[in-house]
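So, here's a batch of structures to check.
Across the two complexes that follow, chain A remains constant while its partner is chain B and subsequently chain C.
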Partner chain A sequence: MRREGSAFAGLGVVTLKELSDHMTGMRMIVMEWLVVLLALGVVYTGIQQIRQVSAEDPFLFLRLFTRAGEGLPSFVSVLSFLVPLVAIGIGFDLVSSERSQRTLSRILSQPIYRDALLFGKYLGGLITIIIMLVALWLLVIGLGILTLGLPPGPEEVARALAMLVVTIVYAGVWLGLALLFSIVFRSPATAAFVALGLWLFFTVLWPLLAPYAAAPFVSETVQTPGDLLTQISVLQAFARVSPGSLFGEIVGVLLDPTVRSTQQPLLASLGLVLLQPGSIPGAPLPLVQSLLVVWPQIVAMIAGAILLFVIGYVTFQRQEVRA
Partner chain B sequence: MSEETVIEAAGLTKTYGEAVAVDHISFKVGRGEIFGLLGPNGAGKTTTILMLLGLTEISSGEVRVLGHNPAREPLSVKRVVGYLPDTVGFYDHLTAADNLHYTARLIGFTKDVREKKIAEALDRVGLAEQAEKRVGTFSRGMRQRLGLAEILMKGAQIAILDEPTTGLDPHATSELLGIIRAFKSEGVSVLLSSHMLERVQSVCDRVALFSGGKIALMGTVPELGRQVLGGGYVVDIEADGAGLADRLALIPGVSGVERTGIGKLRLHSDRDVRPEAAAEVVAMQGRLKYLGVQEASLEAIYTRYFESMAQERSGVKDGERHAA
Partner chain C sequence: MRYRFIAALVAFAALLAPIARAEDAPKDVKGIYLMSDYPAVTVRPGETSTVNLKLQNYALAPERLTLSVADVPSGWTATLMGGGQPIAAAMPATNSSVSLELRLDVPKNATVGTQTLTIKAAGGTTTVQLPIAITLAKDLPAKLTLTPQLPELRGNSKSSFEFQLGIKNDSGKKLTVSLSAQTPQYFDASFTEGYGSQELNAVPVDPGQTKNVKLKVTPPNTAAAGSYKVEARVGAEDAVATADLTMDITGQPRLDISGREGLVSAHASAGKETSIPVVITNTGTAAAENVELTGSAPSGWKVTFDPKTIDRIAPNANKEVQALITPTEKAIAGDYMTTIRASARGESANTTFRVTVTTSTMWGIAGIGIIGIALLVMVGAVARFGRR
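Moving on, here comes the complex of A and B:
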């Protein structure tokens, strides 16, 4: 059955309203300060390290994102940890708050479709996160220029931008999840609790559990390099269930031009070097090549975000308006 | 008032799994008419309203709202219908005006139109002073009025109000009913559900009495009175004059005379006997202080109807004892 009019009538209005709610809300201000202070803190300690160690590094600027002081997480680790938290903080009550404030039926009795309301809420939340991430990104670059005393090269800027985009997609996955929970659970407390539980599971527990989960699927005996690569692939496949691991894998490749395969860091931890025909180990890859290496992972993450949104969308369409 | 129909429902049905919330109901609402939905909790009033608005799926049956099908053309319907939900909510952190601005943008009004309409609407419901206050500070009655302001601003041709008077004090209720009457005078049709029977009676042109998802009775209040309470009339009279009661009892059609106070009499009759009663008093050279016929009250109709339903039901169960 064809529906009359555009599904997106009112989309812009909803998006702007959501955006202004987030930007002026106390919750977002607190989260922004938390993220900015933590992230800048680790970048600052990272800079001290970089200055001591690697003065002749050709990709010095990218180290800003991946290095940190002794015992501290890097900037990307902080992002991988905090971005889900911000997305959950924004999304866990997006729809349930309309129900608890009893505004849902009144708003849906205006000439708009539910599509516009839901998509507008998602977009408003995502744009809020984008603004925060872009500001943070600029701050880090600025801090780098000031302290290292040199501007980043075009290649470095391009890679840093690619990282920014991937971080936004990563945020989109968690926002989609939070939005879904705000639809499924009528109580915002339940939604927040379940979302945070999942976040803890994926960031803390899953990295520890994944090898055990993968154990039945890997062969015990490793005889050839091929066996080893297969084993690593299986382990990775399980680790990738966690969006955080996927994110780490992607930015690990994007921010380090010498990484030629997502398996390289794992091999390196075993003291091995991956040799590919016609390539010199340690020689930097062009950005396009790096992107190709993690393209499937990027696509998977985008697909994940879309899938979560679609599940939420379908659930919302079928729900009754009244409580 | 023209005879034009603005809402037309035929065989409208809503089922939740096995449960039937609304069961093949049919009704029409004309332009400028105030139509009341009455009935006990869970009778299906809200469900009916949601189906009219296209906010819940229709299981079977047909609805036309100003010629549009709410399931196929929800936007056309929602453009001309204003809705006040049973518990209306606004964004507490926004001001009254900002809340309406948001709705007005969703409707698609331009900025100038918005400013003008919102100021007018808030003024009409008496919230002009509070326009810049946050809705979080509003009382229930103020929220209710803000909800009506939204419908006014929208310029709706049909206003659907779900229990608009619940939780309001008598003064706020009268004010609200005043606004509802104003809707009517502007040719806006009003469909309202309520439990406050006396109040509903005072504004509604016609009512539908819901019971278990069906419309049990429908019509004007006097019509329902005749159906439920029988054809009897009750005429109250206050006059002095010795032996008046005996003379009134002789009027054809009067079945009984009752003394209700000093100089007060109540006549039970099968027709309106006010003219004859007045003539008798005058003939006796008495002084007539009051003469009135009791309107059938919705309260009485409602109570009597559901009592008789309950009796019928228990009568089915143990007919023996009741018959004895």
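Moving on, here comes the complex of A and C:
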């Protein structure tokens, strides 16, 4: 039966209900504490490092996010690791739990469309993550001001905000994926297992496998700097299949104004420096230019999040709910 | 046969010998002579003076000659010196001479007048005498002359002017001559010896001798074109000599490049021509003609100027040109150095401009388009699959 009227009737009700469920749920509390404590630990050790080494750095505050402490990864890499986990934790049973509790048909008998139900569930989950990320972001900034004893500049705040938005989009991708699995698989356990498996694959296995997958497309002999750059861009193209590496590339450029290309960190790990003839190395880029450098990656993540949701939406609309 | 050959050889040598000797010994001069270049001299009381003497032997066998000085006024001390020490006898070889010095210590209170001293050289066969007239003068005036070799020099305000000066001491004693120069304000003058680099304030000049010194005058960079007078002045005791020298300074253009209002930074987009106003100022003292502009930028960049050359910039005037800079299409966003150079015959200046390259936002718009398509797909899905 065709829907009549707005697809979003009842969207607010569903969103608010989902939000309150998440906020009061035990699972959410455990996850938030896990993330917040780990992030704070990482930032604290990062600050200890910053206070020892960098005395004069015009973008000292941004180092809070990117500097790794002793034995601990940086704040950004912890985020790229844990944000998918939180998104999967929230999203893996969004639809399938309604189904297993047999409440789905009861909800849909109310004047709420399926569209609004799915939008509401997605939005509720995303808002939960946003609240968590904003609180975390403010905590990091506050802790930074407290321990470093200096306020961040407007440019730094703008860059940190851009990083926050990108992190939210990154969470949106994984939430869309988890929602899709919760629609496709009837059992929440299966959905959780598949989503976590995919997450493990992308975070642990793919970085190891990508060079082998790229091997047929890479020439063996590297003679000129141009060859090396071509090789690196092919490897990057394969690595970008993983949303985690996309996220890493984006924040790597956004949080360091001196980075002019996404290949720069990779070259640096090889002990090489990207030198443009005649350019002044180390001169910071304006934020808009940094954004333009990683704009394709940002677009890919936003579009990916929307498409994952659309696939889930179409699947859900075609499903039978009365059983 | 053999003896005849030797005899011929001896005869030849006998013929040659007088010719060889003829140079230092005139044929008809023979004997011992006591000589002096100047047998009558003027000295000052209270000072030590020396008179150069020579004992010459022409064509005589060497002989020991006892030397003595007679008629020495009371209070005076006359010593004959040879080889730096007092001597009492000399022995010149045949056809050679012995140099002697008569050292005179004249007391301060000696009466003014002429005294005649007699130097005697007495040997077994010959005795020679030489009277030397010593005139006492209270004050022998010092006299100096100063002769510039090239009194008028020409150059620009960056060059230094070197005048060669000859200082002649026309008095009977060694003088320590002090050197000075009167120059226009802020001109720098220094004296050096011939080819030396050590600056001098004074030079000793032997009596009757000429000493060459160099006066180096450096005008200030800001000196305007024109003719400047420099007076070189030398003095010793109460003698003074001056020489008027002229420096003819021709003007020199000096270029200076900056952006409009002193700004040397600019923004440019990758692959797009940007025009940067460049102001060329002539801060020199002469007009700069035919100023050519060039620019060097990272490879792949294009730098041209509109206009390419400036015909003339008057002193203290400026001209503005447009530098048209096109960063390469593939330039990565960031700051780059571009050097702009202006050159007019012999004078050049350069300034480095910092060009901030921004990349085109066209691909950003394309990205927004892709996101728009994704949203359209969602709207389409909602419209197509929406159901109760």
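Odds and ends about this structure:
The rule is short, and it goes like this: the second predicted complex is superposed on the first by the 317 of 323 C-alpha atoms of A that agree within 3 Å, B and C clash if a C-alpha of one lies under 4 Å from a C-alpha of the other, contacts with A are read in each partner's own complex, and residues count from 1 in each chain.
Just so we're on the same page, a contact is a pair of C-beta atoms (placed from the backbone, for glycine too) under 8 Å apart; a residue touches a chain by one contact, two chains touch by 3 or more.
In this text the structure is predicted, and so the values were computed from the model without any measurement.
In the superposed pair of complexes, A:191 makes contact with neither chain B nor chain C.
Applying the stated contact rule after C-alpha superposition, one finds that A:110 touches chain B and leaves chain C untouched. In the overlay built on the shared chain, the residue A:320 is in contact with chain B alone; chain C does not reach it. In the superposed model, A:42 lies in contact with neither chain B nor chain C.
With both structures placed on the common chain, the touch criterion links A:102 to chain B but leaves chain C unconnected. Using the contact criterion defined above for the overlaid structures, shared-chain residue A:303 touches chain C, although it does not reach chain B. Touch criterion not met for A:28: it reaches neither chain B nor chain C. Contact with neither chain B nor chain C is seen for A:83 once the two complexes are overlaid on the shared chain. In the superposition on chain A, contact of A:17 is made with chain B only, not with chain C. Note: residues 1, 3, 108, 113 of chain A belong to the chain B contact set and to the chain C contact set alike, using the contact criterion stated above.
Residue ranges on chain A touching chain B, taken from their complex, read 1, 3-5, 9-10, 13-14, 17, 21, 101-103, 105-113, 320-322. Residue ranges of chain A in contact with chain C, taken from their complex: 1-3, 7, 108, 113-115, 260-261, 276-280, 283, 285-286, 288-289, 291-293, 295-296, 298-299, 302-303, 306-307, 309-310, 313-314, 317-318.
Chain B meets chain A in the complex at residues 46, 50, 53, 55-56, 72-76, 78-79, 81-85, 87-93, 102-103, 105-108, 147, 150. Remark: chain C residues 297-299, 301, 331-338, 354, 358-359, 361, 363-364, 367-368, 370-371, 373-375, 377-378, 381-382, 385-388 touch chain A in the complex.
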